[in-house]
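Chain naming follows the written order as A, B and C, and within any one chain the residues start at number 1.
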Amino acid sequence: MKKITKQKDWGVSYGQLVKQQFFKGLFNRISLSFVMLLFVFAIAAPLVANDKPYAIQIDGQWEFPLFAALTANDYSVFLAAIVAVVLFFLFRRNSKKVDPFLRPSIMWRQAVICSVVLFAGIVTFQILIPKKLNATDYKFMLETGRATNAVFAPVPYGYARTDIKLRHLPPSAQHWMGTDDVGSDVFCRLLHGSRVSLSVGFVAVGISSVIGIFVGAMMGYFGGKVDFIGMRLVEIMMAVPTFFLIITIVAFFPRSLLNIMIIIGITGWTGNARFIRAEFFKLRGQDFVQAAISLSLPLRSILFRHMLPNGIAPVLVNITFGVAGAIFIEAALSFLGFGVAPPTPSWGQMLSLSLSTTGRFFWWLTLFPGMAIFLTVTAYNLVGEGLRDAIDPKLRKAV
Amino acid sequence: MSQNDILLSVENLSTYFDTDDGTAKAVQDVSFDIAHGKTFAIVGESGCGKSVTAMSIMQLIPSPPGEIVSGKISFIGEDLLALGEKKMRKIRGNKITMIFQEPMTSLNPVHTIGEQITEAICLHQKKAITHARQIASEMLEKVGIADPAQRLNEYPHQLSGGMRQRVMIAMAISCKPTLLIADEPTTALDVTIQAQILDLLDELQKTEDMSILLITHDLGVVAERADDVAVMYASQIVEKTDCKSLFSETLHPYTKGLLQSLPQLGTDEKRLYTIGGNVPEPLNFPLGCKFHPRCSLGSKSQICQTREPSLKEVKPGHHVACWFAEGYKDERAKK
Amino acid sequence: MQTNQQKLLNVENLKVWFPVRRGLFRKTVGHIRAVDGVSFDIAQGKTLGLVGESGCGKTTAARSIINLIPATSGRVRFDGRNIAKAGRKELHKIRREISIIFQDPYSSLNPRMTVGSIIGEPLKVHNIASGSELTDRVESLLKRVGLSPAHINRYPHEFSGGQRQRIGIARALCLEPKLVICDEPVSALDVSIQSQIMNLLKDLQDEFGLTYLFIAHDLAVVEFVSDFVAVMYLGKIVESASAEEIYKNPLHPYTKMLLSAIPSPQPERRTKSGFVAGEIPSPSNPPSGCPFHPRCPLADAHCAAQIPSLEPKADGNNHFVACWKSSAAK
């Protein structure tokens, strides 16, 4: 790799300054680590909590039922996680080793290769891995002595187990967080439920920020009629009580996770659009944007290379709060019974089980899912708060 | 000047700021005297510490991060630095007042002009509000604002930049100060307005009998208005003398460079003289004489790179801090 | 005005009016006449200085030349092409040949981009250079404006005002323009840096044969860099002449006022500038007749009633003035 300049001549970018500022706060670090830990557990949930053993010897033959039982979706999630980690380390290496002037094209190439790998992998998994039901009870096989030498996951229960005999058990050594009304292990369901919460937060906010940024950018840059129509659209969206709209829509459409994500996404973009619009109005008159126009740079570059990085800060903060909000909305929907269809677990739905039809109150069914929602939402809010402080211009010299 | 004539005397003033990257020595060992009824100018480029000097006199340095680490500021025999905040408040805005560079932001946009002027008068002179209004309208008349009674009810945004600066001056002189600190009073204004404001200050100085500390970057303004001048570079005074000899017998190479680099009207220059390099930042001052990396005389000389020259009187009333200045040589030979 | 040389830019009767809207139905109740009938030419390789106080419309005029602010009426011809009538593609082409250097070195550089990409991006998107050639071009531009090639990966906030202005100049030069609009390029800089930048601009003009439209409020600066000077007041040009002539023989009272208001760094020439009076009126409510008459010591009833037009001086010295009281217009 050709280097133009020595490393000591590399400038400090705004992103790096924000990062430094962010990592100064202890609570910022704690809450970010917590969120990252959640992600690790959500991704690894089927490996951590599964009623199938990693390995088992049946009639003297070694089998690996857990890996065989994983669906194409599970493998896609693993691949995505691996690609994300690889990209993270590649980018980190780039920022230390590759000359910044040459960096964008290299990073672009790496990102393209990674996404091609990811896409190809997902397609292959979906084609090659068949959907199959494995209802074999390996524990029963162990007890009967047909199988030996089994290695189980740390939480050896399936999230869809139903066993009337084991319902409403309080926390114990076998069931760390007790069991629910159909006898499922609460901890297992909690781990699997984190997938729902985190993906709702991510995808819904992804959708809303893409729409918000695009609409806001158009309104702010072009102004005039575009701005007028856009603002009326925003006002109409804001006048509608979002939660009731979501409930209504969810009632019409099939109960799937994707639908919930999309609905939360397309109702939540107004805040982002207004932030970006305000920033773009301000930036439109700045000399460096005028300079970009006068150098006849393409509109795409002016909007997304010159203006967006300068106006994105408040939206980034809003996005982290938005993730917390989306998690909350999903939990509320599930609590009311409009969420994902059982047996897929979700935190809100689990919370709703704490009051059984007999009127008895099971504290562990309230405490653990409730804490999960509370801690996750709090962590995201703290990250957002930390980010807001980090980008606050008052805390730093003029950048 | 004799001892009695001195209104304000600053001795060895040093003001430092704590930053994340270290201590910024914004003002270092600055000394000067302002005589009664005279205009003393501090001239220098941005970041040279001229405004911090003024803020130190007013004790408006935000602390933390700023701190006046040493020095003595005596104002009519009183040491301002030894006064408490309570006593200082009686002097600030009363005996010593200040006008700022930005007339757009130094007036409060939600109050009328009248409210803002009368507030200061009521506070310092303990006058009744009706009387204060009358004084305010007299003051506006004094600074050349037509129809003052009407203007008192207007808001700052209804006035032009020049008008606002006039209002600021009216506020500043309403308590009959003995020292007016003018921090770049005309930098944000057009030349024709600048000339009017400077004329106004000249006139007021005579009628109100006050001294002016004029802070500016414009040598032209200094030449036209000042009696005594100090040139600041990198937190220190490098040359201090009366106005005439600064321009006729310039001693410090920085002052010389500044003067030569100004484009002159009516001359037929093809190129301007330039001082190379950039103004150093307070966190990153060069060793030795702070001007040596940009200096044509001293950049190759050992002494300039290693030892810092202090401000010395080389002719009566003419102080300079340069190893190569006339009259400074003897001192160097001895060492 | 200059007929003997090839005109690069020709502006005729340029007007930029901003509508003032009021009331429930946003009815247009009047116009702010920011630029009101400005005409000038710039010859190839020369510098026209446009002087005036803030609010006189000089910046608006300059920006409407490359259609950053659309002109209300008038004709702008650049190198034989009419800019006002140019389509989007044509405008893009013309803009590559005209560039701007801005006043504020702090807001004119994108704080999120490195110096290298600020200068290199235009070269890249217009397919002028890529790969190692791009690097070489950017480095040589940096060297040419007096910066180190090692600065290529720094961000603007790591530079001082003067260095930033050099980056702005490098960006303005990267597409090898014919005309450079310098919009107060030195007025935000320190005195010792001003002279460096002005010398640099002059050197670059000689080296690349650039044509400058130089905008400033400081007559001394304009006189130094310009061949020809036009003085603007309230959206109109009130006097124009060669730089030497306008200093030695100013005809318009406003030019005289500007000249007398400049503080000169010579204490022995200390004078009272009693002649300087009044303030520039708002362009939304300009005075009748000659725009300068409320501040003019020579004004009479005729000045208040009739607008003087820009007329050549009798001796044909390329000296134009718009004043009833000057000998030119009678």
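Just so it is clear, a contact is a pair of C-beta atoms (placed from the backbone, for glycine too) under 8 Å apart; a residue touches a chain by one contact, two chains touch by 3 or more.
Because the structure is predicted, anything quoted here is derived from the model rather than measured.
Taking chain B out of the picture, touching still joins the other chains into one piece. Averaging Cα atoms per chain gives one point for each, and the point farthest from that of chain A is the centre of B. Nearest to the global CA centroid, when each chain is reduced to the mean of its CA atoms, is chain C. With centres defined as mean CA coordinates, chain C is found 52 Å away from chain A. Averaging Cα coordinates per chain places chain A and chain B 57 Å apart. Inter-chain spacing, taken between the CA centroids of chain B and chain C, is 32 Å. Residue positions of chain B with contacts to 2 or more other chains are absent. On the side of chain C, the complex with chain A involves touching residues 63, 66, 68, 91-93, 95-96, 98-100, 102-104, 106-117, 120-122, 125-126, 132, 135, 138-139, 149-155, 157-158, 168, 171, 174-175.
On the side of chain A, the complex with chain C involves touching residues 2, 4-6, 9-14, 99-102, 104, 286-288, 290-298, 301, 305-306, 309-310, 397-399. Looking at the complex, you find that chain B touches chain C at residues 45-46, 160, 162-163, 190-196, 198-199, 217-225, 243-244, 247-248, 257-259, 261-266, 268-276, 278-279, 281, 294.
Looking at the complex, you find that chain C touches chain B at residues 53-54, 160-163, 190-196, 198-199, 202, 217-221, 223-224, 244, 247-248, 257-268, 270, 272-274, 276-280.
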